[in-house]
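Next up, some structures in structure tokens.
First chain A sits with chain B, and in the next complex the same chain sits with chain C.
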Partner chain A sequence: MAALVLPAGLLVTLLLVAPMLLLFRISLNEYSPTEMMVEATTAANYLRAVADPYYRSVLGTTLAVATGSTLLALVLGFPAAYWLARMQGRWKSLATILVLFPLLVGNVVRAAGWLALLGNGGAINAALLGLGLVAAPLPLLYNTGAVVAGIVAVVLPYMVLTLSAIIESIPRQTEEAASNLGARPMTVFRRVVLPLALPGVAAGSVLVFVLCMNTYASAVLLGGPRFKMMAPAVYDQFVRGNNWPFGAALAFILLGITLVLTVAGSAVLGRRYRRRETEERA
Partner chain B sequence: MERPLILPSPGRLAFRALVLAAFALMLAPVLTVMVISLFRQEIVSFPPSGLTLAWYVNAWERQEFARGFGTSLQVALLAAAVGVPLGTAAAFALVRGRPRGGSALSTLLLGPLAVPGVVAGTALYMFYLRAEFWLDRDITSTLEGLVAAHVLLTIPWTVRLVTASLQGMDRAAEEAAANLGARPLTVFRRVTLPAMRPGIIAACLFSFIQSFENLELSLLLVGPGRTTLPVAMLNYLEFRVDPTLAAVATVQILLVGVLMLVTDRFVSIARTV
Partner chain C sequence: MSITRRSAMAAAAIAAASAGLPRPVRAQAKQVVVGTWGGDYGELLRQNIDAPLMGPQGIEVLQDVANADPRKTKMLAERQARRGTFDVSCLSDTDMQMMAQQNTLETIDFGRLSRAGSIVPALRKPYAVPHIYSALVLLYNPDKVTTPPTSFADMWDPKYRGRVGFSDILYSTNTFAAAMAGGGSFSDYGPAKAKLMELRSLDAKIFPSNEALAAALKGEEVWMTPMWLARGYMWQKAGIPLRHVVPKEGAYAILFEAAVPRNSRNKDNAYAYLDAMLKPEAQTAFADRMGYLPTVTDATLPPEIARAISLSEADQARLRAPDYDYLLRAHSEVLDFWNKQFKG
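Showing the complex of A and B:
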């Protein structure tokens, strides 16, 4: 029976594990303008990426955008997830499909939609001009706000689906009991729903944060030429710069920071949840 | 819909506004693209001077989109055809065989979801270049190279979905069949396989769509004359958004919609996810 795992396991080892090891090896090499790459074992590429103010600011932008987008997705996603979780019957499948549908329509398609919404001749500016609210089109595109809007729209379905799965598992009676005992709706939310939903909040936030950190299409298309995030910076090194060792180092810095932050994030949120559980038992 | 939340009216209003904002944010870009694909004027502006379907013809006549569509279709079908059987077999063995190191194995199989697309894509690109040198044949910008990369996307989705359907199954049915004299293979064919069916169908849908829509993994692996549709669209969008591109995007949206509806006739998508 175990033999059935082998083909898939070998394929993933060959096409993911081996290439990642190779990329790591390349990140320790030296770049040479004449030979492209010289075999070496040096941390110079990593040090350069950390020391260079340009790449520090790229990393800073990436972290700030990812954190902000994750928080925004959480604030917007929680009510929608609650609404979805407490729905019943046919409408529920319809609403679930409405959440799933944009997720399955690719990032590029949705970025095209944002370009058409936010551009100078786009829907929002046309509406504002038509209503006489502004005299000239607002510069809505090619800035951080546009990128955040694009990213939040991309990651929201993941957040909503993760959260609604866990909210569904919270029996409605617990909420009713709290409100029958006189708790106000905000108190019910703060003291009953949110604590019980924390594992979902942790799982959803970690998943979404990883997606945000690795944003490519939204950053390239909605941020404009001067806006840079890590994933496009990695790609640029391989295509435009041809500095493979440095690009590989950037890739591993991105991967490493994402991993460390997600592990730390889920540990912190997980510990809060466990502490609350022990408090309740005591 | 039933009572959504026990809230007084200002709170309930804020709640509704947030729910509405979330859905608007998710659906607005998709709907906008579909609408502007019908606009008559070439430079997108609202309101339209008229409506036309001419851009769909124009999009099809542009080689990069027609060929990109063909390539993406081929890659997605082949990747799903390879990845779904492999992933299904692995999921079955992991749930039923409980092999030693099972959790490490399932982490490995779900790994492609954890590694960012651009990172995995550059790693594969370097790996392919090295393999090209050893094997003395082209791999980057070939169909095989793209399919192999996309199989990487289909395996974790399949493992996840089929595992879920196997774990949700009642083993008593298998035991009953065996007790009534069914041979192991018959039990598998008549009881186990039907129970896995919703997971497998959902895995086909997700694998196909994940591959068809993928951008990051493919960026470095496409080549002249062999570009996937999302890469072709990205290259075009770096210069402009116009009704021709919106038409291409709309075709893609409709394709996803039709696939979801067809799949939903066999298994409830809302319940498999």
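Showing the complex of A and C:
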């Protein structure tokens, strides 16, 4: 049976683990403007990233945007996932395709659409100016709101599909039993559906949070030149600054923090789910 | 996100699977891979060099299109490889100098170029051929900026609060402009720091790309920007109300070059390509469409274009290449300051 993992395992080792090890080695090197990179074994790049208030604020923005976008996707996604999960017949597959539809468009193309919509000469401002509702175009682009809107539009399908898979597995009868016993719809949701859907909430949130932490296109195109998240900052160091060691250190800091938070987050939600299960059995 | 990654993996798998198959006949024809920008530059190469000049020699040109930074990164990453991606690499003079310093470029054997004798002597380098050049100017909207500016320092006039725009990707030359306004030099960008912070409090606007800046100039959202004269020419042709001045603090030259990476797989074809880039007809096409000046002595421009894109003799005499060594050392600090302090 273990042999079944072999092809995928080899591929991951070759395409993911090996480059990561190389990147980690690079993160311990020293930067030199003339030599580009000098072989060394130093933690200086990590220390510099942690000590520099600029990179701490970039990390803060990244965490805030990722957390906010994940919560927003959860709040928006849950009702849609519930509706999708309880749907019957041929409309269900059509609805599933509709949910998947945004994934058929690349991130950059989608961001270009947002630019056309939100820009100073974009559709919304053109309409507002045309109607005489505003005197000057509203600054809809190049701010945190535009980035969050762009990200949520990207990650929502992942959230909806993950949640709807788990909600489908909750028997309808449990909700009906709760209603029969006098629970109002909100109580049914709070006491029955949500607790049973917790594993899905955890899985969906982890998936979406990881995607949000690594946002690149939405941050660059919708956030504008002054808005910085970690992935564009890593790119900047590698490609504009030619400082591979520092870029690699930033990449590992991003990876480490994402990993710690997702593991901790799923552990907390998992424990809550198990506790409820034991309570119910007792 | 995962879709792109997945499709890239699928493409890689297909490529790997097909590697063992007999190669199509086409692949055996003579080829040259040119690393270049897309947009107008790539298009003009295709129209004026690839098809009319390389086609008849039976050499197929494959463009590898990307901005300069990713292509530089690729060249650096492939430094140790025996077979590189590019046969010809097109970069700005500053980038090319850096690539030469990193030992990625072949020393040009000018004896293999029939056009070598026509190159403007001042633009000659051992590791690259010059392709086109222009100068850093101050562009301004004559309807709004009624007293024509004469220097970079005019951007600090409080009258123009909120009306000075910068292109984010030109952070290096923007910093140069600020340095010169603050009494710096080609080899000292130090004074730029205070000047940039001053301009920041005067609400200078930053745009993510040259195109976004052009849109803001067109909409008269901003009135002034340091820019390449050639770009200014293109924008004027596109109907944006603009004039230009070579600032009195200094005339900074931008030169675009082409070179052959040491690990090029088709050096003969690469030399043929460099030669074609220097042909007068190819050079004139770039002047006409993009406003860049020819780097060979025998390319003649139609008089009205020459007038629009040429520098006065006095400005031409002041024209100087950037201090490459200084830029190489200061680059990371300049970028850091731009990102962290000026934009932050």
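We adopt the following convention: the second predicted complex is superposed on the first by the 265 of 282 C-alpha atoms of A that agree within 3 Å, B and C clash if a C-alpha of one lies under 4 Å from a C-alpha of the other, contacts with A are read in each partner's own complex, and residues count from 1 in each chain.
In this text, a residue touches a chain if its C-beta (ideal position, glycine included) is under 8 Å from a C-beta of that chain, and two chains touch if they have at least 3 such contacts.
If you're wondering where the values come from, they're calculated on a predicted model, not measured in any experiment.
Colleague: Under the superposition described at the top, does placing chain B and chain C together on chain A give a clash or a fit?
Modeller: clash
Colleague: If you tally the residues of chain A touched by each partner, is the higher count for chain B or for chain C?
Modeller: B
Colleague: Report for A:G9: first if it touches chain B alone, second if chain C alone, otherwise both or neither.
Modeller: A:G9: touches chain B, not chain C.
Colleague: For A:M1 in the superposed arrangement: first (chain B), second (chain C), both or neither?
Modeller: first
Colleague: Just to be sure I read the superposition right, which of the two partners does A:N242 touch: chain B = first, chain C = second, or both, or neither?
Modeller: After superposing on A, A:N242 lies in contact with chain C but is clear of chain B.
Colleague: Go through the superposed model and pick first if A:L128 touches only chain B, second if only chain C, both, or neither.
Modeller: Touch partners of A:L128: none, neither chain B nor chain C.
Colleague: With both complexes superposed on chain A, which partner does A:T258 reach: first (chain B), second (chain C), both or neither?
Modeller: Only chain B; A:T258 stays clear of chain C.
Colleague: Let me test your reading of the model: by the given contact rule, A:A153 touches which partner, first (chain B), second (chain C), both or neither?
Modeller: First partner only, chain B.
Colleague: Classify the contacts of A:P33 with the two partner chains as first (chain B alone), second (chain C alone), both, or neither.
Modeller: second
Colleague: Which holds for A:A18: it touches chain B only (first), chain C only (second), both, or neither?
Modeller: After superposition on chain A, A:A18 lies in contact with chain B alone.
Colleague: Look at A:L269 in the shared chain and tell me whether it touches chain B only, chain C only, both, or neither; answer first, second, both or neither.
Modeller: A:L269: touches no partner chain.
Colleague: I need the one stretch of chain B that runs into chain C once the two models are overlaid. Options are 2-10, 38-46, 128-136 or 254-262.
Modeller: 128-136
Colleague: I'd like to check the shared interface: which positions of chain A are touched by both chain B and chain C across the two complexes?
Modeller: On chain A, the residues that contact chain B in one structure and chain C in the other are 15, 104, 106-107, 121, 214, 220-221, 238-239.
Colleague: Across the complex, what residues on chain A touch chain B?
Modeller: Residue list for chain A touching chain B: 1-5, 7-9, 11-13, 15-20, 22-23, 26, 75-80, 82-83, 86-88, 91-93, 96-102, 104-117, 119, 121-123, 126-127, 130, 149-150, 152-153, 156-157, 160-161, 175-176, 179, 185-186, 188, 210, 213-214, 216-217, 220-221, 231-232, 234-235, 238-239, 244, 247-248, 251-252, 254-255, 258.
Colleague: Spell out the part of chain C that touches chain A in their complex, as residue ranges.
Modeller: Per the touch definition, chain C meets chain A at residues 1, 3-4, 9, 69-70, 72-73, 76, 98, 101-102, 168, 206-208, 215-216, 219, 221, 328-329, 331-332, 335-336, 339-340, 343-344.
Colleague: Would you pull the chain B residues touching chain A in the complex into a rising list?
Modeller: 1-8, 11, 15, 18-19, 21-23, 25-33, 36, 43-47, 86-87, 89-90, 92-94, 96-97, 99, 105, 108-109, 111-112, 114-120, 122-127, 130, 148-149, 151-152, 155, 159, 206, 209, 212-216, 219-220, 230, 233-234, 237-238, 241, 245-246, 249, 252-253, 256-257, 260, 264, 268-271, 273
Colleague: For chain A, which residues are in contact with chain C within the complex?
Modeller: Touch residues, chain A against chain C: 15, 31, 33-34, 36, 54, 57, 103-104, 106-107, 120-121, 154, 211, 214, 220-221, 224-226, 228, 236, 238-243.
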